[in-house]
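Presented sequentially are two complexes of subunit A, the first with subunit B as partner and the second with subunit C.
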Partner chain A sequence: MANVDLKNLTKKYGEVIAVQNMDLSIPHNEFLVLVGPSGCGKSTTLRMIAGLEEITSGEIYIGDQLVNEKDPKDRNVSMVFQNYALYPHMTVEENLGFSLKIAKVDKNEIETRVKEAVQILGLEELQKRKPSQLSGGQRQRVAMGRAIVRRPDAFLFDEPLSNLDAKLRTQMRTEIKKLHQKLKTTIIYVTHDQVEAMTLADRIIIMKDGYIEQIGSPIEVFNKPVNVFVATFIGSPPMNILTCDIISKDQKVKIKIDNEIYLDCPENFKDLFNNKSKVYLGIRAEDLKPVEKNTIDNNDWFFSKEIDLAEPLGTETQLFFHLNGKEIISRMYNPYPVSIGDKINFQIDTSKIHFFDIDTEKTLF
Partner chain B sequence: MNKKFFSSPIILILPSLLAIGFVIIIPLIFSFYTSFTSYKLTRPDSLYNFIGLRNYERLIDNTKFWYAFGRTILFLAIVLNLELLFGLGIALLINKITWGQRTLRTIMMFPMMFSPILVGFQWKYIFNDNIGVLNNFLYLFGYESAIPWLIDKYLAMGSIMVAEIWANTSIFAILLLAGLLGIPRDPIEAARVDGCNSWQVFKNITLPFLMPFIFIALTIRSLDVGRAYDIVHIMTGGGPAMRTELLWTMIARIGYKDANMGFANAMSYVSIILSIAFTYYFFTKLVAARRELGQQ
Partner chain C sequence: MKKIKKIAFWFLVLFLLILVCMPGIWIFISAFRPNPEILAKPANWIPDRWTIYEFTQMFSISGYVSVPAFKYLMNSVIISSVSTVIAITIGMMGGYAFARYNFKGKNKIFLGLMLARAVPGISLSLPLFILFAKIGIINTSFGVIIVYVAMNVPFTIWLTDGFFRQIPKEMSEVARTDGCTRLQAFWNVELPLAGPGIGAAAIFAFLLSWNEYALASVLTRTVHSKTLPIGMMDYLDEFTINWAGMCAIAVVMIVPAVILTFIVQKHLVSGLTFGGVKG
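Take a look at the complex of A and B:
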């Protein structure tokens, strides 16, 4: 049980930068999720913590110990791999007990700990089987069991659910969450799936091209993304991003989001727009509410547009239309029947919109 | 002949049946038959001189044959084990290399490119007690009495083994390297995180993955070494005083030099049992090793 600290961590493959000057402090018992598109350096970071990848520069501390030069075996971390990485020639039981056997733990103690892991993960019926006789979900469970029995300082998960089918993935996600609550250990979890990141994490780190883009709780990164990348990466469907002109019309600052649609600039943003002629506007699909009548108060935006496509999903219907040539998605809760070409009224709560600088793509506050 | 016999399936497999018949089955039956006759190559009419089990009875009492039999087993055991050990070592080392691996892989296979006869001649020259490279080399370091490598009753066998191992270790190395390259990276990394040092990773993960390849190599090489003839024939001709006589050098001598083909064939049939036993043993082990890995 320990905290993990990364100081100025850098990894280069020749000229290619995988991770750049990463600083991170992970307190004990935190569930930290590293998320980002493939090639962003998240797995490399995890593998460096495990000791499977050499560090180009920087320092890694587990507990209070500098582990830069330590072999993986001496770091007391457990890792769960994407491909399960079970030992095919050992039974489930042997797989679970292997690390303890190597550590020369007393036989009875091994038995107790394996039994404990078997109970936690519901593997009772499968103890004598070989990995080739297990399904994907069962293998994943064994892989987690193998990590549990060691009682490590930290668990490292490398995209553990990406080889499972959708239903199983949801189920295992819940189990991992429960496991964390039960074990109370530091977990560092790598995924490219933002839904996994949101549901599991105490704190999310969004990475891109070897850099950390944002660190925060799931709600923070969802509600207050620091830039366009984070805004579009977190949330499903991704946030609608529009390029808008800022113009003065009738002595008012207006935002032009489409040829005929001009909207009043919210008061609190006016100062920010002083020297700007263009901004990115970000609106989440659920904040773009289809309404039957114009029942707005003064602060809300309101416009109507013909829709191109409607996808009913049962609990909601997703409406697709174009603004300024860009496809926009709106989520309609309490759906009523609509057909293509219908003119729909949309209402936007201006306290929920985001503006990003057109050059830096950073959020304007 | 009824119509059914010339149905199309029969006609279609007839060519291969005929080929197999002429090339394998008839010679097999013929040689088996001759082992029950006193057939001598120099007296063709003796082919019809059926003597029942006489050849086999003689063979059972023939101590020279059983010495050669035992010597062949010893030769097999030592050569196979050392080749496995060296081959595994070379494969592990080459697998570690990141730069120039292909070049090394090619260089490693050089010994396989020479005919066994030439390898025999080369080593015969190296081990020659008067003009041999080895003795000259030892002389340089002050060892002045020439060692009779191919003449001493113990050293001769060892010298042949060295030549055989030099020529064929690369077969093990190449097969085991193929095995090493095929091992998934994940279980090895998992083992390292699980607390294994390099030796423990090798023993617990790499070796089980390698076992099927080891048994395939052993099967192939046991058949190969079991029929060893050329290197022995060139280097010592079975001497000194038959100390390096293996099964096939002995059988060839009796069959062709002494022209005693009936007796030689009887020996061959007994010898084949040895090859079958080795192949069966290694194949059983191979199947077991693959089942262990869940591959079957």
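Take a look at the complex of A and C:
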């Protein structure tokens, strides 16, 4: 049982702030994913938890114990690195048993625990091999095995799948998820890949410039992003963000999304637009539905636009067009043949749109 | 046609090899024949008479000692190995520090070490002679060892720094999260990986000490501390040079160095192959 708590954690490199006043409580058995663009402080946070990076101020607790001053070896956490960092001069077996050998664990015990890890990860055939004789996926598995063998309080993963090819990455992602269900331990996982974050996490933390932008379940951060950054970072393709004019006339509020395309403001948003003349509108590509006929109910938006490009992907076709000079993507799930220049009807469910303040970029609720 | 080309190629290789090895071969041949034959004109390539006279003389099998080569050999072995062990130990620690830690003035200190290496050894010989004479360590192995350590440390630091840099720092980090102290991580993971590099640095340091002449010629005066290169000068008399003896002692000098290099070179070559990280 071990929860991990960060209190007011700050890391500075000289004047540069890497992590600023981070408060976070990670309960036992949670799969937490830190995600963000490079340089956002996610890896630094992980390394501070591991004890590999000194903290500037704040406190780190692992299982109710203050570990600020403790060496990495005394924190009982295991880390898996992006480049695997297997010991090249040792066989797979020796790599797995190394931490136990250092801890002077009984030989038979080492053997049982190595065997256990080998079985969990399917490394039976490879035990006697050296890391240089393994493929990327196998090395990654050994690196995970090395972490498992210690039975740590928490696993720390630092972009473990970034070096694998796309197919293997998907496969290993599933394995990590299964592993978590089997081991029931706290996992803190750092990635810059939002798909990994969405598929693996119980809870996602989106970071930018050393600050936490949003914490929530994958569905929460996807459906209710708190600002433009989160909205565009989570989801693929990124959410379409449009600058729109708000036009109030005779008690009616209209939103201008393009030349001569005016849409009625949904009732529930009207009050938010007081005194505002511009606003960001966010629509996910899948919520911008191409339809053949106007089958709208009253709450939906509807407009037509000529498309610039169509990319068929098999299960869907992505349509590209411009609104207010900005490129917009729409996903067509039941593809029918379209060609460039065709005028397509689009339908938007207004319950699925997002508005952001033009100055603060924060969501308007 | 192809075959002729191949044969021509190998003849060229053979010719170049002989060219490079000629001085060495000449020394070997000359060590096993009497002086007049060495001086014969035109040169006599294949000796008429083989002899190990000079070797028996210097190692006193016949009871008469011309030059105390065994003593010189021992001095050389002791001075070279002790100074190498000390230089490589200090160099390894220094190299590790330069490769892994950040500290104030790091680059300047490193540059300073490299500049120290650029000072010609011979220019230090007189100051060292006066200093050593004053504190009473002239003509001792201890004094020579100190000088050789000072000479080799910057070099070994520079070499091992490079080798430690090649080992990803994640290696030691993962070892530390695996339960190692920093020292254990160094001992169990980084040192074995840098082993071949450290071996190479050690060989260079050893050979540098083994072959050093300029400083030793000033700091050693008697059989008590003279090394082989200095001992060689014993064959130089006022009016004559015993070429055969000189070549024989040269052989005594060359053979251990060659053997050592052969033993260690396998490890040097097989060394730095990293499979631990994605390359």
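Note that the second predicted complex is superposed on the first by the 362 of 365 C-alpha atoms of A that agree within 3 Å, B and C clash if a C-alpha of one lies under 4 Å from a C-alpha of the other, contacts with A are read in each partner's own complex, and residues count from 1 in each chain.
The rule we apply is simple: a contact is a pair of C-beta atoms (placed from the backbone, for glycine too) under 8 Å apart; a residue touches a chain by one contact, two chains touch by 3 or more.
Predicted, not measured: the structure shown is a model, and the values here were computed from it.
Upon superposition of the two complexes on subunit A, a steric clash is found between subunit B and subunit C.
Of the two partner chains placed by the overlay, subunit B and subunit C both lie in contact with A:50.
Legend: residue contacts after superposition of the two complexes on their common chain; A:139 is shown touching subunit C, with no touch to subunit B.
In the superposed model, A:187 lies in contact with neither subunit B nor subunit C. When the two structures are aligned on the shared chain, A:163 is found in touch with subunit C, with no touch to subunit B. Shared-chain residue A:6: touches no atom of subunit B or subunit C.
When the shared chain is aligned, no partner comes close enough to touch A:62: not subunit B, not subunit C. 50-52, 71-73, 75, 77-79, 81, 83-89, 98-99, 102-103, 130-133, 146, 150, 156 are the residues of subunit A that lie in the contact sets of both subunit B and subunit C, per the superposition on chain A.
For subunit A in complex with subunit C, the touching residues are 50-52, 71-73, 75, 77-79, 81, 83-89, 98-99, 102-103, 130-134, 136, 139, 146, 150, 156, 163. Within the complex formed with subunit B, the residues of subunit A that make contact are 50-52, 71-73, 75, 77-79, 81, 83-89, 98-99, 102-103, 130-133, 146, 150, 156. Residues 168, 170-171, 173-181, 184, 188-189, 192-193, 273-278 of subunit C touch subunit A in their complex.
Against subunit A, in their complex, subunit B makes its touches with residues 184, 186-187, 189-197, 200, 204-205, 208-209, 292-295.
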